[in-house]
Amino acid sequence: MIPLEAYLVVGALLFAIGTYGALVRRNAVVVFMCVELMLNSVNLTLVSFADYLPGAMGAGAGYAILIIAVAAAEVAVGLAIVLAVFRARRTVNVDEINLMKR
Amino acid sequence: MEAPLITADTLVALIPEILALAFIAVVLLTEVFGSRSPNLSSGLAALGALALAGSATVLLAAGFEGSFFGDGYVVDGFALLFKILVGLVAFFSVLAAARWSARTGDTGEYMSLILAVALGASLLVSGRDLFVIFVSLELATIPSYAMVAFDRRRRESSEGGMKYLLTGVVASSVLLYGLVLIYGVTGSANLSEVAAAFTADLSPAALLGLVLFLSGVAFKLSVVPFHFWTPDAYQGAPTNAAAFLSVAPKMATFALLLRVLIEGMPETAQAYTWLFALLAILSMFAGNLFALRQTNLKRMLAYSSVAHSGYILAAFAALTGPALETAVQAVIVYAVAYAVMNLGAFFVVELVGEEGKSFNGLFRTQPALAVSMAVFMAALVGIPPLSGFWGKAWVIFATAQAGAWVVVGAVIINSVLSVPYYFGVIRSMFFEEPAGVGPVKDGSGALRFSIYAMAVFTVLFAFILGPLVLLAQAIGL
Amino acid sequence: MITTVAIFIPLLGALLVALLPDERRIIQPVALGVAAVPLALVLYIYVAFGSNLDAPALSQSYTWIESLGIGYRVGLDGLGFGMFFLAAFLTLIAVIAAWDVQRNLKQYYAILFLAEVGMLGVFAAQDLILFYVFFELTLIPMYLLVGMWGDENRRPAAIKFFIYTFLGSTIMLGGFLTLGILAGTFALEELTGGGGLGRTAQILIAAPIIFGLAVKVPVVPLHSWLPDVYLSSPISTNVVLSGVLPKLGTIGILKIAIPLLPQGVEPYLPYIAAFGALNIIYGAFAAFMQTDLKALVAYSSIGTLGFILLGAASFNAMGLNGAVLQQVTHGLYSALLFILVGIIAARTGTRRIADMGGLALSMPWVGGLLALGALAAMGLPGLAVFVSEVMSLLGGFDAHPVQGTVAALGVILSAMYFLYMLARTIFGPLRRPEWQGLRDAGPAEMAAIVPPAALLLILGIFPALLVNIQRPAVELVLSVIGGG
Amino acid sequence: MLEVLNQEPFRFLLTFGALIFLVLNLAAVLTLAERKVSAYIQLRYGPNRVGPRGLLQPAADVIKLFTKENIPLNRADRWVFLLAPAFMFLPAVAVWLVIPFSQNAVVADLNIGVLFFVAITSIGALGVIMAGYGSRSSYSLLGALRGAAQMISYEVPLILSLLGVVMLTGSLALSDVVNAQGGGFWNWYIWPQLPMFLIFFISGIAEVKRIPFDLPEGESEIVGGFMIEYSGMTWALIQASEFAMMAVVSAVTATLFLGGWQPPLPFLDLGAFNWLWFAIKTTLLLFVFQWIRWSIPRFRMDQLMDLGWKVLIPLTLIWIFVTALWMLIF
Amino acid sequence: MPYTALYAYVGLSMVFIVGFVLVVLMVARLIAPSRKSSTQKGQSYETAEAPVSDPWRPFPVRYYIFALMFLIFDVETAFLLPWAVVYGQLGLYGFVQMVIFIGIITLGLIYEWKKGALRWV
């Protein structure tokens, strides 16, 4: 049996990679993908907790579906906004989007 | 098979939310089926917001209480109070947005977004389960991205929306990771069981969870150092969206934070009051100092909202022992006070324009509007007897009771620090010569009604205060 | 109940005025009527309850937030009554003296009445929070009055005024809240004597309160907002600004700092007295240096306020009585002088002392009353200021001999510059021939300048009219502080 | 000797090899069948030169394709381009893992078989997008976009139409689904779920991009679409996976709605040879695939989308409701 | 077999399938003829015309719209699948839940339909 810590470490690593990507990458769509990575690493952590914790039968998996749904909603709204920006500016590079910098 | 989770009581408990949901559907469907009359849509949305607030009031008056869905969703006085507030804020925002959204041609959509945020906020204040909290927080947040980016005619809008979105989703993930860690450490998502595991002495995992959770919440509250999205998002957003978003979700998030800290981790909260004090002080100073150099009113109000989040957060530094009750009162009082004055200020900006110079000589062209704006500005500074003063006074009461003198000092210094930029607006309105003819009057009836209503609430806040504090005492936590 | 009515009548007046058409001949009578009501009520109170200000008809107490001991508590006492009267009186004078307000008269009156609410409220408040609320309520109206109707220098002056006084009052609020929270109530009555706080706590709390009030007075190193504002304001704003506003600070010292924190204030007394003496000396010297008539009056006003501090710091019956009375008399003479300076400046088109001379020839009434006011200001016996100054000085000398001596020196200095000023302005030959035909004060102007002058005379001859009414309150304070 | 084969890892390798063999043969046979059936529908002979009646034609094809050059592209994204066939091939094989061929004859009887089918099938869409994007050619990209839009659109009714069966069975394991349909053809789910069966089958056709839903390839307009740039063995693999996917959809349809290996009447139970029933049903469905292909013209893109979103999805939603109500009452 | 082993089995199979494809491609590379590539030969096919622009361009919005709608409905099915499995045991409670859930989704579908999002322009 794989110990719980293994899952947690993988989850934490994925989360760290996702966070790093989300903070460093300049392309909005890539940032989104990094966020998805973060959310899925959370899901991994959650599901492994749910599997290993006593008395949490199945509940964790249910939460995971909720999180997937939330992630989908975020992406749905997010892509629409990114698209709107692209149509206006022909770019999705976060650095170039600076109409309001003072 | 255990007993079904839905009983008649559950349905009663959910009446405000069910009504809000029903109105969202009705607003959307009337737009696509019926006549595309913007007035009808906004009227229905206003009715929906009122229904939310009204049903919550009825429940509160009837003394309805209980916890549902396996103790994951709780309806108590505290939650109901915030539901009422959120509903009312939504109501006035809908009125204020009516004129603008009619011009976009998508009134129904915009209105349903407002209602959706209100729905999320109203679910949020009832959450006692980590994941209920997360889902309702997202329900309050995701439509707000769309609200910010709603104005297709201004490029700033979609840009602000995108910045808000990109930072917002990262923050949500961080918050979620925190929640999951808390869940993992405790073994349960229920706050009352979380409390058992969260003592003053935290394991590293629990501490990490707490820090991540607080970071996410701090982002939603635009507290330093997670405030950087605020100015761009607010400046880009349609003004009424900025007004609504700077109030309703924040209120609910503060309520959530109170509930999580008091019910879920009382001992930990006491041990970490210094953290809240630090964040509060940083937010106040950062908000006020950055606001000083803004010429765009929306941007200024955005930084001001950072500062005000700091003031409210200052009350969290008093979540200990004897000051706890006052601290809860302070959060409630400040939230309401901030709601009325900030909504009012944003509404005036909506009507007059966001550039500082459009306010020049407003007192000459539209005295009533100028006086209202002056009232809001003075209230934001904290001049008695306007609403902002009472908010600050309560925060000081709480922090002084807790002995956090540094925080008291910071609140006082910041009140003075904020004078120049708020009074800059008053100066342009009263002392400068009018630049043009002043804002267009037609079609602004509902908006003006909201402005004057907010002005009246701000001025007469002292009379709201007594009942509010009594209520806060009665419901406790 | 009468007190409450008197306080809030101007609020209704403000609304009423704001709704009227903006024409001087409609607005001014209405405003006069509005301003007369509180004054009439005060006079009625004086006649009916003069001997017993504790009468239940005058006070009102309504608990508001029970857990924190905040309430709406108003009532008149001897310490505040004189100023309560003066606030109502000077507002009426200010309404009359608004002839140089050229535009937006109705807004001017509305804002003035708003300020009056705050001023009346401060002198009647019997609750710390309420005191603070009224204290700050004057702030925005005064800011607007200066900023909208002042001269070309008004904008920086107004914001300077606001920031200074707001800083002071906010710091004071910190002290108030701390006091109230530690004592568990904000009612002045229950807090008297320290509200059960120890000496150290009192000392710590007294510091921010005294500092905040000192900005409002203003005490000399904190005074730099004052000349700018005074010089920029229109006449009738000056009346209120110099006659009533500084007393918001002094009443705080007399009514709040001393009785509520007797042990806390005590260590600061020598310094308060010293700053009082500093005010007197500095005011005199600075006035001496001025070439602008209005500035001279402004600095003299700073100087005369020093006597209040000196008297208050004496902690004895003589000094406290003097200080309480000095508030009223200072208000009367400074209001009188500012109006006269305004009239002279309007007639001659200048405020430079060097350009004037012999004005009494063409304007006997104006010149004569200017002389009366100046003589009153320097403390000529027979005029009201003499009584209060001498009492403050004697009391102060008793408690703090060094500071008292320095202050006495100031009296001589003030006599010098006032006489110098009179000699250059109203006496002597006419400096410019075209001033031959200057009109003397008209009926409206007479209505504004004669009543304060008359009061100066009356109170100079019968100081007991006010001293009698304030004595019981002063004795109460003395019993709290344990002084003789 | 045989017992060794029954132990890991031999057992695994054996099954795996058998599976690959099955799939490749299916694909090969289906290419021939395609041409023969079309020929008979159009009253022609079809391939009849290689071997008796052209039966060896697939072998000849394989040899030909193996010896054809895989033309490298200048601008293509090489790895995406090469991995795309693998991603298309993957679902065509992997789904067979969970399909019960006969009683207890299932390679890996996952408890979420239905979900596995759905999840693995959607990988195919990924392969299509990778192929289109990796080729860096206008036609490819257009085809891939169409393919993606079509496959995701029809994925929704595909899954929704499964729900009725899942509700009736109360399990996601395919073996449970088959077992629940035992005892005669009147117990098959095709009867209570007839609309769902049709929707599932139609969506299945769309999923495998067959005529009338072959817009991603659209030979007459975009000349092969996403696979325009493929040649030689890479092209052969894509073709093979498409034919194998057709078989997969037929097999799953047979399993879910036609009772899988269950005999139509109780007395026709063949015991260990029940897989014959399964094979017959699958073959019949495969024939229907061919039949439709040569009978119906291609849809236009907007018609395709309308059919999916405005007809199939509402219908499935309604039928789920009906099924739920039915189960509640009876 | 325990279910973890089953999944391991399936996972391993999937790796092998991809591996198989790659092996086949490698074998084909060994067998198939390979001539020196020329620029002409490596050009992408554009009905015998020389390609003028890079095909990696932004594509029409309608694809995004359908992708977004798919996302929503796909997640909806993620909720419906577990519900469907246990529906038999839930009774009326499950029915009401489903009606609410599907009702809301249907409203969304109707809204999209009426709003024109389902039109392939």
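Lettered A, B, C, D and E in written order, each chain numbered from 1.
Keep this in mind: a contact is a pair of C-beta atoms (placed from the backbone, for glycine too) under 8 Å apart; a residue touches a chain by one contact, two chains touch by 3 or more.
If you want to know which protein each chain is, UniProt gives these names: A = NADH-quinone oxidoreductase subunit K; B = NADH-quinone oxidoreductase subunit N; C = NADH-quinone oxidoreductase subunit M; D = NADH-quinone oxidoreductase subunit H; E = NADH-quinone oxidoreductase subunit A.
This is a predicted model, so every value here is computed, not measured.
Look past chain B and you find the other chains held together by touch in these sets: A, D, E | C. Looking at chain A and chain E, the chains that touch each of them are B.
By the document's definition of touch, chain B and chain C have no common neighbour.
Here B is the chain whose Cα centre lies closest to the centre of all protein Cα atoms.
Compared with chain A, the chain whose C-alpha mean position is the greatest distance off is C.
Looking at contacts between chains, the pair that accounts for the most C-beta pairs is D-E. Chain B and chain E have Cα centroids lying 40 Å from one another.
Rounded to whole angstrom units, the spacing between the C-alpha centres of chain C and chain D is 95. Centroids of chain A and chain C (each the mean of its C-alpha atoms) stand 65 Å apart. Chain D and chain E have Cα centroids lying 14 Å from one another. Within chain A, contacts with two or more other chains are made by residues 73, 80. Those residues of chain C in touch with two or more other chains do not exist in this structure.
All chain pairs that count as touching, in label order, are A-B, A-E, B-C, B-E, D-E.
Contact residues on chain E toward chain B in their complex (touch as defined above): 89-90, 93, 96-97, 104, 107, 110-111, 114-115. Those residues of chain B that touch chain C in the shared complex are 325-326, 363, 367, 374, 378, 381-385, 389, 393, 396-397, 400-401, 408-409, 412, 415-416, 419-420, 423, 426-427, 430-431, 462, 465-466, 469, 473.
Remark: chain A residues 8, 15, 18-19, 22-23, 28, 31-32, 35, 38-39, 41-42, 45-46, 49, 53-56, 59-60, 63, 66-67, 70, 73-74, 77-78, 80-82, 84-85, 88-89, 94, 97, 99-100, 102 touch chain B in the complex. Listed in rising order, the residues of chain B touching chain E in the complex are 1, 4-6, 21, 25, 28-29, 32-33. By the touch criterion given at the top, residues 64-65, 67-68, 107, 129, 132-133, 136-137, 139-140, 143-144, 147-148, 154-155, 158-159, 162-163, 166-167, 170-171, 173-174, 177-178, 181-182 of chain C touch chain B in their complex.
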